[in-house]
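For reference, the structures are reproduced in the following blocks.
Shared between the two complexes below is chain A, which has chain B as its partner in the first and chain C in the second.
Moving on to the complex of A and B:
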């Protein structure tokens, strides 16, 4: 391979534009579903972690500390090799659909731990008097969490949640170990075919930035838009 | 009751119009090793306005907060309208809905408009329809004089307006009794009277009120009874007239001499 090809030749992208687009679409599908699920699971986890019931608190703490301190690769391998291949736990007869959902679940389970911790720091920004006033008008614990404390906690941590989401999108490249083909798997494929050239690196880096930069802007805008005045 | 001790309650104290509504018997509370409430006995009758005064750290706020169990107690009993305070859960939430509370720091829900602050309890606790709840909330906001601020957020209001909104929020639950925990202590001086006016009006309308305050003018003008608390005990209780002109205990005389001379 001559140096001009290694540094300036973007033609592999034109040759494989269809598969590259499909690979990024796979990344988007994976990240979007994981984003939604991790926000839901993370919210449930934080509700457990601040609940007055010791068993729920302990379970929430155990979950977060386990998932947050386990490498994502291990979580995903557990889902694909452990659950699917060894234990024959299949979510679909179609292999690609099965691996998609296994990847989503493993990835969401992992990301939810970080969402939970971001939200928990948000809860700490809500003055104690807010919860007292909620209880004083007769709201139950769940109601005051759902109607008063969590909405304010969410708004306080929109920007940090954006960072969690950006990290999540980039972490999606790890999902290639779980037999799910997304952008980074496609990149490896092209390296084998065309050599690991600078244009291919750049192309995929830019592709990811096209996903992560708007995510950051969106969360930054939302953080300002929904900031709670005190 | 014999006239032997300073805690003896003189027979002529005004007791409102009805029977006992809030009854505290031998209530004790500790914060760690600090004994903040010592054998408190207090009965508040329906329609009565009781003002609790006394030096800081004397247990006034704690007493107020035990009545809707924002502070749990370590001994004794509290009954509201004949029912014992439930320990926790839905029962306790139901009881709290009947007890209005106004805080020193307002504690309006910061992410909700003033109107939403007032309708939240009725819609979520009393299951009132939102149209009815809004209508009633607007009437209450008009009554406390901030109807035109209904769509604003708490942070956009002055302290006095926020506290009046907080009073409207508590009233929207149609409480049996209202607790005021130093409602004017966090206000700029020029805003104190607008809040006290609302409270005085409420007292005239026959609301049962327990008010912890440093506003002696309010105590004189609106209270049926003044309770003087110091060192975790009720040191003295009397009609405002008697208490301010003729305090019986040295502790109360000392307190009054310090606040009434400046």
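Moving on to the complex of A and C:
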């Protein structure tokens, strides 16, 4: 290999354009499914963490603190080696489908903890006086939630939620350890086939930037557009 | 005065905690208290039910057999596997943390420079490393340099898994820290630097004597929560076979004793304990730096854990735990 190949040769991408596209499509599928599921689970968790019921609060806190402080690598390894191989917990009979859903399961469980914290920080930005004023003018519980608290909380939550989603897209590379083939596994495979050259790395880096930067700008724009002025 | 009342007054017995009002709901009256108690009972049943199902399943698979757990009460396991692994994790995290902070200071201040030939490249570096997944960086740093050196017919010393992990952690977390430093310095009220210029300090003096000391207090919680992220990310070393806690606890121990599930539980507890201690340090520091802020910088977010996204500023939004009550 000469130095031109090592520094400027992007041809491996043309040779394997199909598999690279398939790998990024796999990343997108995984991220989209995880995004939806983690939003649902995260919302349930935040409902638990702010509920007036101490048992639910404690369970929510335990879940969030455990998952948030465990490395994602460990969570995903636990899903593939522990749940699937040791405990025979299968989500599908087909091996590839099983690995996809196991990856989604572990990855959503992990991301949901961060979604929960982002949502909770949004609720906490609503000043106490807003709720007191809502009660003072005679709004009921649901009315004050619907008309005063949640509209402000949702707006405050856009920016942190965007951060969580972007971190999620980048973290999706870690599902490599749960035997699901996506972009990082494809890059590793190309490193082995063509050698670890700069163009291959840059190509995948740009591929991820095409996913993360628009997401970031979208959430940033939305957060500014609907910011609550105080 | 009865004994109980005296006890409460002296602070020996705590008063039963009354449910307080929050943003979401008012302080409960008698009916709401009854309803809450019913809910508590119901949810207790559900939570215990879920716990029972998990434990029953584990028991059915024989995961509570003594022989699987026994290794963890023997000194050998700790001396030969867990402690060396923990050492690997902590050393990698500590070295990477120091380097990342240095990197962050350099590029954070670089992005605030008045000279565009410093500001623009610093910004490009920070945004690039923040936008790409850490794992790609680890792979490339691990095998890229030797490939490129070979292409130039040069030999370079082989890059160890430790070096690759530490450098990748430095570049990624350093870039996030650079944004934190930048936000911290910018959060110092403008009057501070104006006053400093007015008494005749130069640019470097304003930065060194006025802005950085005040920003440090404000940044501390955010820095520590980023270090928690760094420590967690060091577990990615598993993928390039670096000898860390995850590798020794989850590969070597189960290989020897066949106890994958117990091993996972034990090392999860270790990771959670270390990170919780660090997180509480961050919360404590934030609370501490909250005292006087009339003319000082506002503490940055101690974090929902997620690094700030590319294309978005690091916000000074209060954390969940403390934000609500203190505002």
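Just a few scattered comments:
Note that in this section the second predicted complex is superposed on the first by the 201 of 230 C-alpha atoms of A that agree within 3 Å, B and C clash if a C-alpha of one lies under 4 Å from a C-alpha of the other, contacts with A are read in each partner's own complex, and residues count from 1 in each chain.
In the analysis below, a contact is a pair of C-beta atoms (placed from the backbone, for glycine too) under 8 Å apart; a residue touches a chain by one contact, two chains touch by 3 or more.
None of these values were measured; they are calculated from a predicted model.
Within the superposed three-chain model, A:17 lies out of touch with both chain B and chain C [touch as defined at top]. In the superposition on chain A, A:117 makes contact with chain C only, not with chain B.
Within the superposed three-chain model, A:147 lies in touch with chain B and out of touch with chain C [touch as defined at top]. In the overlay built on the shared chain, the residue A:92 is in contact with neither chain B nor chain C.
In the superposition on chain A, contact is made by A:177 with chain C only, not with chain B. When the two complexes are overlaid on their common chain A, residue A:135 makes contact with chain B and with chain C alike. Note: residues 52, 127, 130, 135 of chain A belong to the chain B contact set and to the chain C contact set alike, using the contact criterion stated above. Chain contact summary for the complex, chain B toward chain A: residues 68, 70, 88-90, 93-101, 103, 105, 107-111, 120-121, 124-125, 153-156, 166, 169-170, 173. Of all residues in chain C, those touching chain A in their complex are 19, 21-26, 28, 32, 36, 39-40, 43-44, 47, 57-58, 61, 63, 128, 131-136, 139-140, 142-144, 146-148, 150-152, 228, 232-236, 238-239, 246, 250, 260-261, 264, 267-268, 271-272, 275-276, 279, 301, 304-313, 315, 317-320, 323-324, 327. On the chain A side of its complex with chain B, the touching residues are 52, 127, 129-130, 132-140, 143, 147-148, 151-152, 155, 228-230. Of all residues in chain A, those touching chain C in their complex are 1-3, 5-7, 50-56, 59, 65-66, 68-74, 77-78, 81-82, 85-88, 114, 117-118, 120-121, 123-128, 130-131, 135, 141, 145, 149, 156, 159-160, 162-167, 170-174, 176-177, 184, 187-188, 191, 195-198, 201, 204-205, 208-209, 212-213, 215-217, 219-220, 223.
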